[in-house]
Amino acid sequence: MKVAVITFPGSNCDDDVVHAVTAVLECDVAKIWHLDSLGERKDLIVLPGGFSYGDYLRSGAMAARSPIMKEVREHVRKGGLLLGICNGFQVLTEAGLLPGVLLANRRPGFICRPCTIRVERTDTPFTGAFTEGQVVNFPIAHSEGRYYLPSSDLDVIESEGRVLFRYCSFSGTTGDEFNPNGAAHHIAGLLSKERNILGLMPHPERTSEAILGCDDGALFWKSIRSWVERR
Amino acid sequence: MEYLVKITITLKQGVLDTQGKAVTASLHGMGGYEALQEVRVGRFLELRLSAKDRGTVLTLAEGMCDDLLVNDLIEERSIEVVEIR
Amino acid sequence: MDYVKAGLRREEYEKIRSALEREPSDCELRVMGVMWSEHCCYKSTKPLLRLFPTEGDAVAQGPGENAGVVDIGGGWGAAFKVESHNHPSAVAPYQGAATGVGGIIRDILAMGARPVASMDGLCFGAPEEAKTKRLAQGIVAGIGGYGNAVGVATVGGKTLYDEAYNGNPLVNAFSLGLVRLDAMASSAVARPGQKVLLLGSATGRDGIAGAAFASAELGDDEKASRPQIQIGDPFEEKLLIEACLDLHEAGLIVSMQDMGAAGITSSSSEIAAKSGVAIELDLDAVPLREADMEAWEILLSESQERMLLIVLPEKVEEVLRRAARWGLGCAVIGDVVEGDRWVTRKNGTVVASLPASLIGEGCPEIHWPSKEPGDLERRWSFEPEDMEMPRDWAAETKRLLASPNLAGKSWIHESYDTMVRLGTIAGPGGPVSVIRVRENGHLLSLAMETDPWKTALDPYRGGTETVARALRTLAVSGARPLGLTDCLNYPSPEKPEQFWELEQSVRGMADSCRALACPVVSGNVSLYNETSRNRILPTPLVVAVGLIDDPSGLLLSGRWQKGDRLFLTGTVAASLAGSQYQILRLGQGRGRPLDLSFEAEREFIEKALATARAGLAHSGRPLAGGGLAVALAKEAARSNLGAIVSLPLPTRADILLYGEGGPRALYSVPLERVEAFLEIWNGFPLTEIGVTGGIALHVQGHFSLSLGEIDRALGR
Amino acid sequence: MEYLVKITITLKQGVLDTQGKAVTASLHGMGGYEALQEVRVGRFLELRLSAKDRGTVLTLAEGMCDDLLVNDLIEERSIEVVEIR
């Protein structure tokens, strides 16, 4: 499997994704500076977390307009997988590759802690190794994670089954008290219509190795590999 | 000619402004500001441009808003052009 | 401009004049005024700093460079340092704290190390004051705002409150980076013929002469004494980190130097003096944010996110190319030549020409008079009987747990990115922070400690206890200490009683370091933390760094398992002097803190290390603020498990429950390992005090608190 | 009476505008905006207040700026009061 992680100026989880994917899958992961070209065809492109362009103006806005995004769009048009984590999710919405926007947390301010989310479906490129309804711990670290979309559009993405992860309790129930940022419909992860783009607020790379206290994230990377290999 | 373009960006009605709410709450907490009903937090940009006329400036400014400065899903803008030289 | 206005004393001015054999120019006077401020040249504390032991097996770089470096095995070193940003944070809490984080990160970077972990030591004023809340919120937001964005995990810290810090909060920023020992950067290797480059932000009017500002008492009218404050740009800093490491790894730079206090002046003159060369700067080549800046403004600007590079002429082009790729400004601003001069020109004329060695090292030391305070007797006169025993132990314990100094600090550390870089094995929330070093397979333990209350009562003993506590914390986690860094936060040294406190506490720290074989590899001094209304408690803060070779030898806290036996190692008879219990009850410390036995400390450290390495305990916690009762409660809360505890009563119950000081720890040991545990601790005071289980902490004869009550008290 | 108070907050001259710098660079990178010289990023606040007259409103607004909304070390403000009812 060929993976590329894009580094925008200010990205800071790029090395983490490279490490986690390499550690779990033992495959080659290329780290690509935003001014460079993607090179050979990739199976998966990751837009990592961090503070691209300082998160100035609006999170993800400037990265979404950076030159490499042209190639990224080309990649998804051909059916390649695209994953945006945290700031990467913000880039995806700002780039119009996913609908909606991530607003300041319900209680303004940065929040970093472990976080439980529920896997809503397993027939996707990103979740094949999970079981439906499984609760996993992917930590969060953001100040703008409140997913927002006008409610009629929310109905559309729900009816299309595009909500892949929701914030929930340890036992899998959803509710405002388990929603760390006030995201609409408790959305933590959202798919594109074609299912090849995923925006994910929590960080699977932060729980991909047992030494970090939890390795739920490993299943996430393994899901992607199985899907790529089956294709 | 040199122009100053002032762009005021506000959140659309209906989009919950958590920062505004937090500011309102802290002002209420300080006492003496019971008269305050609501604060909404927006952005103010000042652009310096040189262009041959006001019309060009406005087109450029609109373009920059569309391309980067404003997110139409949640934000509204108002643009004012001032000639400075 | 006269020398007094420049911040120089007569003696200093005379020395400059005789070294120059002429009157210094205005620009030179201003430069020297800043460079010879306390903040830059440690003139009041140099003699004291010499007391610290600075050598040891693990020391790869002691004090004197931008940061100390210890050998952590496998060819790797850890570069670390703590630095204060107290005055700036008092007037501009967000920006002051943010730029403090940025500044310490650049010091680490200047060693050629990649910064990987930060910690913050914060002292705030009385918690109920509105101003304290405003300062605390701004400071915490600034630390998070900067640290989170640059992608360096904040893995722990320390926060305390006391009215002595009203209007004078302390912000001590610590950072640690990893560097290959054979690729450590040095500021002593510049040679004639090389070029001087400035990388990063353009130079503006911000923070001009901030170092001098940091070296004086805060004025009563803060607004009047506000210099242009520095604005931090973590986005630029992130690029600067990547660019510098890229250039360093590619072998494109000879040397680099961060620009902190006194900006271009200190960075360039330091390189010149340490390398034994002259540097000539052309100020017209410095990229400016405002065109009309004067020479001295450019020289003393503390604009953030800049680094000075020394580069071979044939590599300049490649450096400029790479800088552009990183989106950073970069300009050639001068040359390295033969001699001992530091020469700067503007518009073709020389504006300053000083001996390089004079600037950094020439300042005459000041030996402030020292006098033992007259009130020691009174400070020390305290008998436990002076305090009534609590009637309701449950209420007393809850009150202690809920006190701002002991309650949970999640509102602070959850606003920090504690996990980025995937190195955090134990983040904030326990006594020790632990990171993994993927490069060599080892772990590093970090412990930040300060105890101003005990230091105020007895500076010497407070100093010994502060260092010892950090080393105990490392040992309990299984880490052998490699070295430590310290930040000496004090009021003005010009009052003899205050200088005595400074002196005595440094002696205490130094004796502890020597006796416990932990060299000091870096540090920082912040004096004049007082206003006309208020002065801070003497607040020496340390961060000790220790090594755990084999990750399986790590022992953390908050990990009780059902049926574990609980042991208190160390004496049961601690002291109430300066304890949190006493502060809470009396509003101030009274009495004389315990005198440490270094022998006992050494024994404790060896036994604690052996315990962790042999994996004999599920959980271990050194006793600190709030003593045994608070340790039990915190262990129970974090383990989500109760315990039944019964205590011996050779002393007053409050001393036993809440007393502090000395080498003591609370261990939870699975039944099958009790025997081996006892064997290791044979010969050291040890008391079996209970067994874990249930959903309440039940201390027989004293109190019973449910886990819910404990959580609520701690604010968890 | 009800009033709307519009507060525009900008950075003082000479204070580093980190956001403006990044936005300017980003727009330049997009091509077509060479005419742009500089962007400065500020804040815009909208307060809803009820008070008996304009003078009271202005005093309150100034107070809130001093107490919380504006950091006068680095920022400048301009206040406009509009009567809405």
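Order as written gives the chain letters A, B, C and D; numbering starts at 1 within each chain.
To be clear about the criterion, a contact is a pair of C-beta atoms (placed from the backbone, for glycine too) under 8 Å apart; a residue touches a chain by one contact, two chains touch by 3 or more.
This one's a predicted model, so the numbers in the text were calculated from it and none came from an experiment.
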**OP:** Between A-C and C-D, name the chain pair that shares the greater number of C-beta pairs in contact.
**Re:** A-C
Original post:
Counting in whole Å, what is the centre-to-centre distance of subunit B and subunit D, each centre being its mean C-alpha position?
Top reply: 9
Original post:
How many angstrom between the C-alpha centroids of subunit D and subunit A?
Top reply: 34
Subject >> Of all residues in subunit C, the ones touching two or more other chains >> reply: 233, 235, 327
**OP:** Spell out, as numbers or ranges, the residues of subunit B touching 2 or more other chains.
**Re:** 30, 43, 67-69
**OP:** Could you list the positions in subunit A whose residues touch two or more of the other chains?
**Re:** 53-54, 56-57, 62, 65
Original post:
Among line, ring, star, complete and other, which best matches the way these chains touch?
Top reply: other
Subject >> Contact set on subunit B toward subunit A in their complex >> reply: 15-16, 18-19, 22, 43, 67-69, 71, 73-74
Subject >> In the complex with subunit D, residue positions of subunit C that touch it >> reply: 91-92, 95, 201, 204-206, 226, 228-229, 231-233, 235-236, 289-290, 303-304, 327
Original post:
How about subunit A: which of its residues touch subunit B in the complex?
Top reply: 57-58, 61-62, 65, 94, 100-101, 103-108, 146, 148, 150, 182
Original post:
Which residues of subunit D touch subunit A in their complex?
Top reply: 18-19, 22-23, 26, 29-30, 41
Original post:
Considering the complex alone, what residue numbers of subunit A touch subunit C?
Top reply: 9-10, 12-13, 15-16, 19-20, 33, 35, 50-51, 53-56, 109-113, 139, 141, 203, 205-206, 209, 211-213
